[in-house]
Structures are given as structure tokens and as C-alpha cells.
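Pasting the structures in now, so scroll down.
Below, subunit A partners subunit B and then partners subunit C, in two separate complexes.
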Partner chain A sequence: MTDAIVAEGLTYSYGQLLAVDSISFNVAEGEILGFLGPNGAGKSTTVKMLTGQLQPKAGQATLLGLDVVKKPKKVQEHIGVCFELTNLYEQMSAAENLKLFARLFGVKNFDADALLKRVGLDGRGGDRVETYSKGMKQRLMVARSLVNTPRILFLDEPTEGLDPTSSAAIRRVILEERERGATIFLTTHDMVEADKLSDRVAFIDKGKIVALDTPHALKQRYGKRMIKAEIAKNGGLEYREIVLDRDETAADVAALFSDEKVITLHSEEATLEDIFMQITGRGLV
Partner chain B sequence: MRRIGVLLSKEFGKGPRNFMFIFAIAVPVVFTLLISLLVGTIFSGKPRLGLADEGHSQVMAAAQDVESLIVKEYDTAVALRTAVENGSVDLGIVLPAGFDDKIRDEAQVEITAYVWGESQLKNRAVTGTTFFNLIREIVGQEPPVEIVMTPLGDEAALPWEERLMPLIVLITILLAGMMVPASSLVEEKQKRTLYALTITPASLGEVFVAKGLMGVILSMFMGALTLALNNAFGTQPGLLTFVLFLGATLAAAFGVLLGALIKDINALFAVTKGMGLFLYAPSLIGLFPSIPQWTAKIFPTYYMIQPVVEITQQGGTWSDIAPEIEILVVLILLMMGVVTAVIRRAHQQEVIGLTAA
Partner chain C sequence: MNWQMISALIVKDLNLYFKNQFFALVTVLGIVAYAAIYFIMPTTVDETLAIGIFAPGLTNPLVEELAAEGLILNQFDSEAALKTAVLEKEYPVGVAVAPDFMQKLAADEKPAVNIYVANDVPPEFQEMYALLFRELGFMMAGRPLAIQATEEVLGVDRAGSQIPPRNRMLPLFAMFILMVETLGLASLISMEIEGGTLEALLITPLKVEGLFIAKGLFGTALAFVQVAALMAIVGGFSREPLIIVTALLLGSLLVTGLGFMVASVAKDMMSVMGWGILAIVTLALPPLNVLLPGLVTNWIKIIPSYYLVDTVHQVVNFGAGWGDVGSNLLALLAFALAFLALGVVALRRKFR
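The block that comes next holds the complex of A and B.
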């Protein structure tokens, strides 16, 4: 599998503030990479460098074999970007918004209605965007990022603050795009979303990538597997946690069942957020 | 070019829903109507010719049939002179006794004409030319008439309608050429749509060009419309259109520069308010003849409006306006250079105010 995105030593600073500190990674064609980190970690700056909006101070980025700095417009023909904050022409209708961008990309026989239907906005294409709810606008943003059938899709917090229906619609589209063969660079705070959708996740903190692997491998490497028991004691409920994969685990489990009245028993594994906290010493927000 | 066309059609498509776009169209029309109502001749725009016939000239009857003039008859030369002094007519001509016989005999005739000092140049021209045509019709050849002009009233002062016309035209050019692209660019930044546009194959330069073209087209159209509404299009529409194009181009380039450098609409209005005197100074100076008129040349907008004034009010030709046009072209090139430098630096983003989190 060839790499759709290759970043080597990407660096950017705003004055004295080093926003992205020599990060390197690659994303294979058809892969979904979850790019996770707290606010100010350097996620958006990385996306801007990858999409040709910012020139790196050092390092280089190659998308589909094209140097982003040298051929930004060539790169942008093949990418779609869905921004975190909505930036639609609100006085225009949804269909007009999509058609405008399709014309800028030079898409022939563009079918705005079909694309609106994919994101659950069928029948609303003629309405002005200013009349849309936040969820509808975000779905339209996703639709706009797809007008050129991009080979690489950058999604920046696509489901942030959305209702479950809109979030589900967007997740469905993301998976459809992967099925189509698109590479997806997904920036999100939502660890559950990242876990569900991403083939691999990268943790970025203070401008550096501190971990990059599949969610499963990260959990294996950093997480503690355990079982959590709810027991009846002294007329109330208490909890016991038994860490697995230790020499004394079997004895602890046996003692639990012989000494206590177990009400419920669950296996637990570390979440991506737990792992992020473990690696960086701070949360994602 | 295709993408610039797409962006330009978007600008004009969005225009009617944009406050500044509508403002740029409405303001010159409203100003023109107001000024015409207050000081002008909007409801009686025809030139006015006064005649005092001391004999029984055929010219009098023939003049009454001319539809393009308002012709008033006065019993005596004194009454005619008083009427001209009051501004009741633009041009007053005394037809001496035996006038028709003398011109038929091809004898040299000297007649007295009174000109109201504040009458519009075009009115003087129209009345004078019509008078000669009437005589030519009677005689059947070039009339042997010499007219001795006597200006009456305040000759130095142009009528207020003509003095205000450059200000209206300058406001029109700057509103449409400068403010519309500037506010449109600032709005695109504030709503972050500029970011979305520049992540397509469209470059920032193409966006700037489309905004500038919108300003040029709108500014030229509104400038021409304003001149037409003021009956001041002059006799050289080609040259005037070229001058309007250059003026609109400078205004649009400046508008794009403002839009590129200013981050929000309130700041844009504050800056343009602050620059108001600087921008409109040449026309304001022209309103008051007591101010040394050379001071207007200090301001760049002088070179946008002065050629228009020369063509429309003074019958100026290419040779008359060439020095101003040369300076105007230099100003345009300088402004284009600055805009190009801004585009080149735009990848640093701070320059055009696209936030980089």
C-alpha cells in the first residue's frame, strides 16, 4: 500500500511560539488516521501545513507524491477539507454553495442533490444556509468537502457538538469514503469516535507526536486490562478492581468469588483518553 | 481565467444580498436626485434662451418652435438683461431692428448677447448653436453675424450642480470601486469563507482579481450612470469611459489592499472614515474657489476625478488630460505592486488575517 500523506520533520512557529515541532508520520492510501490532541497542541497548524495553507518553517509534506509547498494548487485539486468552524456562504442556498465549489474544482455534471442526499439534506438544497441548524450546516460542510471526490479528506472535528443524528450521518459518510478508497485525516477530541473510525491514531502534544499506532496496539502497550466487580457488603455496594496479566491474578479472582458476594462483573480496558493521559500527564480538553 | 469567471459570477450573484453593494448603487442615485432637486434643474433641464426683438425678426417665431430649448421673449433689451442677471435664462440675445434684412443682404451684423455667469457650459453651447442654426435656416448660408458676449452675474462661480458633480462622481467611484471589494474581502475573512475558497484550486490572487474586477465593473457602471443622471456625459464617451476605467481600477486596487489588510468590518469603516478627508479632498477643494485649487493635486484621488471634470465640464481632450492620466497610471502600477506583494506574503497568513490556531 502506498502512502497518501508523508510528513517529514514538519515544523511551524508563530513568532516565538513553536506550534509544531518536527513531526514525521505517514498515512497510507485508504487509511483513516485519527489525529488527537488537546487545544493548542498543533493539530490545526499541522492540517494547514498539509493542505497548503501554511508553509512549514522546516521539513516537508508530500501528498499523493506531490510536494505541498511546491505544488499547493495541484495538491488541492485532490483533497477535500471540512473545517471545524462552519464557513459557508450563508446567504446562498446549500445547492448554490456546493455548485460554486464544484465549479471552482472544475467538476463536470455535478449533482448537488445526490450529494445533499448522502448527508441527509435532501429536499433542503434550495434553502438558504442561514436557516440551517448547526448540525445541518456541519453536514453541508462535509458535503462540500466531497464535491471533487477527493483522494484525501481532511476532517477537523466534524462531529463536535452535534446531535446524535447528525453525528451518525457524518460517521456513515466517513466510512463510505474509506470504502471508496479515500484517505482520511480525522482530527477529533472524541476518543470514542476516533477509536471506532480510525485505523491508526496519532497523539500530538505540545507540537510533538507522542504516540502513533492502531488503537488496539496502543491499548495493548499502554493500557491495563482489568476486571471490575460490584459486590454487596455491609448493606451497600462496593467495587473491586483486579488487574489482569499478573502472577497473582488467578488467586485474586478466586478470592473474590469465595470471600465476596459478587453482584456484577465487567472486563475493562483502557480508553484512548486514559492512554493519552498516561503518556502526556494531561487530558485532551 | 475560468476560476476568476466563477468567482466573479459569485460576487455579482451575492451582490444584491450585500449591504455595501446595494449602498454603492443607491447612494449616487439618491445624491444626484437630492442635489438636482435642491440646486439643479431636474424638472426643467432644457437650456433657456431669451430674445428681445427690436424689429419683427423671423428668428423669434422660428425659435419658439424649437423643442430642445425654452425660449422666452422680452419686450426690451433692458428687460432681457435683467432676466439674464437674475438667471432666468442662460443666454439673452438682442435682435436689432432690420436684423433679417441685413443678414439676407449678407451685411455684417453685430448683435449683443448676455450670458448668465452661472449657467452651465453645455446650456450656453446649446443655446448659441441653436441660435446660429436658426439664422442659417433663414439665410440659407453661413450667417454674417458677430456676437458680442457680455457675461452677467457671478461668472467665476460654477453653478452648485456642476461644482458638486465631481464630488458625487468621486463618491460613486470610491464606494463601488473601493468599498465594495474591501467590505466583501473583509466579510469573507470574518466568515472564514476566504479560507474555504483558497483551499480549492482557486488561488488567493484569483480571489483578489475577482473582487477587484467586480469593483472596476460596478464602479465604471455607476460612474457612467451618475454622469448620465447629471447630464454630464460630455461629447467624448470613449475617452470618458477610459478615464472612468482607470479611476475605477485605482479605486478597486486600493479596495482590495484594504480588504486584504483589515481584519473586521468595523475596522474597515473606521479606517475609511479616517481617510475620508484625504480621499474626497480634491472634490471638496473644488467646491470652494477661494481655496487655492493647486492644493488638490496633492491628493491621489485628484488624478481620478480631474480628467473626468475636464472632459465633462470643460470639453477637455486627450492632450488636456494626458498629464493627469500619466500620474494616474503610475499610481495604479504602484498600488498593483503593493497588492502583489501582499499576495506573495499571504502564505504567512497573518498578513491577510486568516487566523492560524
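The block that comes next holds the complex of A and C.
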């Protein structure tokens, strides 16, 4: 599989503040990379460098074999960007918004209704965007990022603060896009979402990538697998945790069932958030 | 009434007002700009009157005596040089006295006096000059003079073709329409920047150059269509329509550049209004000068809108041709291109 995105030593600073510190990574074609980190970690700056909005102070970014700095417009023909903050023409209808961008991308025979249907906005295409709810606007933002059938899709916090219906609609579209073969660069600080959607995740903290692997591998490497038991004791409930993958695990489990009255038993694994905290010493917010 | 609470609120509002950098800046700049305009304008009433004269026999003591009275006689070496000066509006009036003036007077003959009047001197002013010359002759001869005076208006004689007030106001209306378009364009761009839609546009294959061309064409076309519609309605194209179209197009380019500049410093609708009004006040001075002649003098030519206003005024009200307003159009073109270039540079910095 060839790489859709190659970043080598990307660096950016705002004055004295080093926002992105020489990061390097590859994203394969058709892969979803979750780019995770707290606010101010350097996620959006990285996206801006990859999409040609900011010129790196050092390093190089190549998308689909094209140098972003040297050929930004060529790169932008093949990418779709869903911004973190809604930036739609609110006085225009949803269909007008989409058609405008389709024209900018030179899309022929563009079907706005079909795209609106994909994001669950069918029947609302003629309504002014200012009448939309936050979730509807965000779905329209995602739809706008798809007008040119991009080969690489950048989604910056696409489901943040949305209702479950809108979030589910957007997640469904993301998976459909991967099915189509698009590469997806998903920026989020929602670890659960990243875990569900991403093939690999990168943790960024203070401008540096501190971990990059599949969610499963990260959990294997950093997480502790365990089982958590709920037992009846002295007229109430108590909890027991048994860490797996140890020599004495089997004996501990046997003892649990022989010595205690087990009410419920659950397997527990570390979440990406736990791992992020373990690596960086801080949470995602 | 709790004055303590009221004063606390007032202090809070003042604090908020001046914490807003835009309001603070515009407040200060407004004061500076209006004060600058005030100080640029003449500080005193000019009680002297300067006229050109060609009079070979004129004595210096008489010239000095008249100067003391407030009448400055600037002597020319030849009648031709005097005519050129009046034609070029250096003097409103020039008087050429024949070399044998005194001899003829002494012989009780009627000496010839040629009076040259610039074509933009209103009739009432011409009468005032005639009265002045009779008085001057009385001072020179000690008695009423019997002279043969010939009056010649240099340039196109506009006697009997006074301009109705509404025609004088036409350049003002045109300028205001263009200025409103400046505000419209600036607020549109400002809203795009603040709303982030510009960022979305620029992440498509659209280049910044393309964006500027689109905005420039839109701004220029919108301004031109509006001002051209006004001119069409009031019959402003009845004389030299091509010149008017050229002038209005250049004027539209000028205000588009200005719109870019305003958008580059403004952050929202209110700040567009603030900056825009500063520009409007300045650009409105030349049309006011047409409306109220004599209000200002040559310094008004440093304001770019002068060249648009003067062209429209000269063509619509006096039927001027390419030769008369060609220099105006060239100056307007230069200002328009300069404004556009400055606007693009200023706005481009904001796109980064």
C-alpha cells in the first residue's frame, strides 16, 4: 500500500511558541489515522501545514506524491477539509453552499441532493443554513468536504458537541469514505471515537508525536488487561480486580470463584485516554 | 436614583469602549484626521485680491499703494503671457492696458483696455471686477476714465449657462454611491474573513489571485452599475458618454481598492463603518467644492476623488471633451491603480 500522506520533520512556530516540533509520520492510502491530543497540542497547526494553509518552518509534507509547499493548489484539488469551526455561508441554502464549492473544484454534473441525502439532510437543501441546528451545520460541513470526492479527507473534530444522531451520521460517512478508498486524517480529542474509527492513532502532545500505532497495539503495549469482579460480601457489594497476563492470574481467578460469591464479571482493557495519560501524564482536555 | 451605580456603569462602559482596540483607534484617528483637515484649510480670510496686469507705463508707487489697499497687481511682460496665465486659471482676471494709455488719456482720447476673464468666474464676480477697474482708473487718473474696454472670456464662455444646484450636486451623489459601495465591499470581505468562509474558499483550487480578481471585478462592477444607473436616470450620459463611462469605471476601481484597504483593517461591520466614514469624509470634500465653489483651493487636488468629480462636473455641466479632462482621467487612473495595489497588498497580509 502506498502512502497518501508523508510528513517529515514538520515544524511550525508562532513567534517564539513552538507549536509543532519536527513531527514525522506516514498515512497509507485508504487508512484512517486518528490524530489525538488535547487543545493546543498542535493538531490544527499540523492539519494547516498538511493542507497548504501554513508553510512549515522546517520539514516537508507530501500528499499523493506532491509537495504541499511547492504545489498547494494541485494538492488541494484532491483533498477535502472539514474545519473545526463552522464556516458556511449562512445566508445561502445548503444546496447553494455545496454547488458553490463544487464549481470551485470544477465538479461536473454535481448532485447536491444526493450528497445531502448521504449526510441525512435530504429535503432541507433549499433551507438557509442559518436555520440549521449545530448538528445539521456540521453534517453540511462534512458534505462540503466531499463535493470533490477527495482522495484525502481532513476532518477536524467533526463530531465535537453534536447530538448522537448527527455524530452517528458523520461516523457512518467516514466509514463509507474509507470503503471508497479515501484516506482520512481524523483530528479529535474524543478517544472513544478515535478508537472506533481509526486504523492507527497518533498521540500529539506539546507539538510532538509521543505515540503512533494501532489502537490495539497501543493497548497491548501500554494498557493492563484485567478482569473486574463484583462480589457479594457482608451484605453489600465489593469489587476485585485481577490483572491478566501474569503467572499467578489463573490461580487468582480460581481463588476468586472458590472463595467469593461472584455477582458479575467483566473484562477490562485500558482506553486510549488511559494510555494517553500514562504517556503524557495529563488528560485530553 | 443611585448615582453611584450609574457612575459605575458609565465607567464600565468607558472601560469597555477603550478596551476595544478598534473603537479606541478610530476615536483617536478620527480626532487626528478631522483636526488635520481643519488645519489644512485656510486659517484666515484672504482680504487681498490678485489680478494679472500688462501695463507698460504702470509705476511702482501706484502698485505699492494698491497693494497696501489689498489689490495685488502682478505685472506681466506681454499681453500674451497675461492671457496664458488667465487661461490656466492662475488669475481670475487679467487687464491689458495699451502702451499709449496715458498719452491718449491726456489727449482726451479713449484708450483701449482689454479685460480677460477666466471662464469659471461667475457673472456677479465679473461685475465686481468691472467696478474695481473703474475705481482703479479713477485712482490712476484722478477722474472717471473714458476708456474703450473690451472684455474677453478665455476658454469656453459659460455666461448665461449657470449650473442648476441639482447638476452641481450630481458629482456628490455619484461619489456617495461609490463610497457606499466601498462600505459594502469592505463589509462583505470582512464578514468572509471573520466567518472563516474565506479560509474554506482558499483551500480549494481557487488561488488568492483569483479571489482578488473576483472580488475586484465584483466590487468594480457593482459600483459602476449603480453609479452608471444614476447617471443614466438623470441624463448624465447625454454629453460625451465615453468620457463619463471611463471616469466612472476608474472611480469604481478607486473605491474597490479603498474597499480592500478598509477590509484589511476592519474586523466587523461596525469597524467597517468606522473606517469607511473616515474615508467618506475625505473623499466627499471635492464634490462639496463643486457644490459650494470657493470653499477650498488647489490643495483639494491631493484628494483622488477630485479627478473623478471634476471630470463629471466638467463634462456633464460644461460639455468638456477628452482634451479638457484627459489629465484628470490620467490622474484618476494613477490613483485607482495605486489604491488597488495598496488594497491588495494590505488585504493579502490578512489572508495569511
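Rule of thumb we're sticking to: the second predicted complex is superposed on the first by the 285 of 285 C-alpha atoms of A that agree within 3 Å, B and C clash if a C-alpha of one lies under 4 Å from a C-alpha of the other, contacts with A are read in each partner's own complex, and residues count from 1 in each chain.
Everything that follows uses one rule, which is that a contact is a pair of C-beta atoms (placed from the backbone, for glycine too) under 8 Å apart; a residue touches a chain by one contact, two chains touch by 3 or more.
For clarity, every value in this text was computed on a predicted model and none was experimentally measured.
With the two structures aligned on subunit A, subunit B clashes with subunit C. In the superposed model, A:T45 lies in contact with subunit B only, and not with subunit C.
Which of subunit B and subunit C touches more residues of subunit A: that partner is B.
By the touch criterion defined above, A:Y89 lies against subunit B and subunit C together after alignment on the C-alpha atoms of chain A. In the superposed model, A:L17 lies in contact with neither subunit B nor subunit C. Touched by subunit B in one complex and by subunit C in the other are residues 51-53, 73, 76-77, 79, 81, 83, 85-90, 101, 104-106, 144, 148 of subunit A.
Contacts from subunit C toward subunit A in the complex involve residues 195-197, 199-207. Those residues of subunit A whose C-beta lies close enough to touch subunit B in the complex are 14, 40, 44-45, 48, 51-55, 73, 76-77, 79, 81, 83, 85-92, 96, 100-101, 103-106, 144, 148. The touching residues of subunit A, when paired with subunit C in their complex, are 51-53, 73, 76-77, 79, 81, 83, 85-90, 101, 104-106, 144, 148.
Contacts from subunit B toward subunit A in the complex involve residues 2-3, 6-7, 10, 13-14, 17-18, 191-193, 195-203, 347-349, 354, 356-357.
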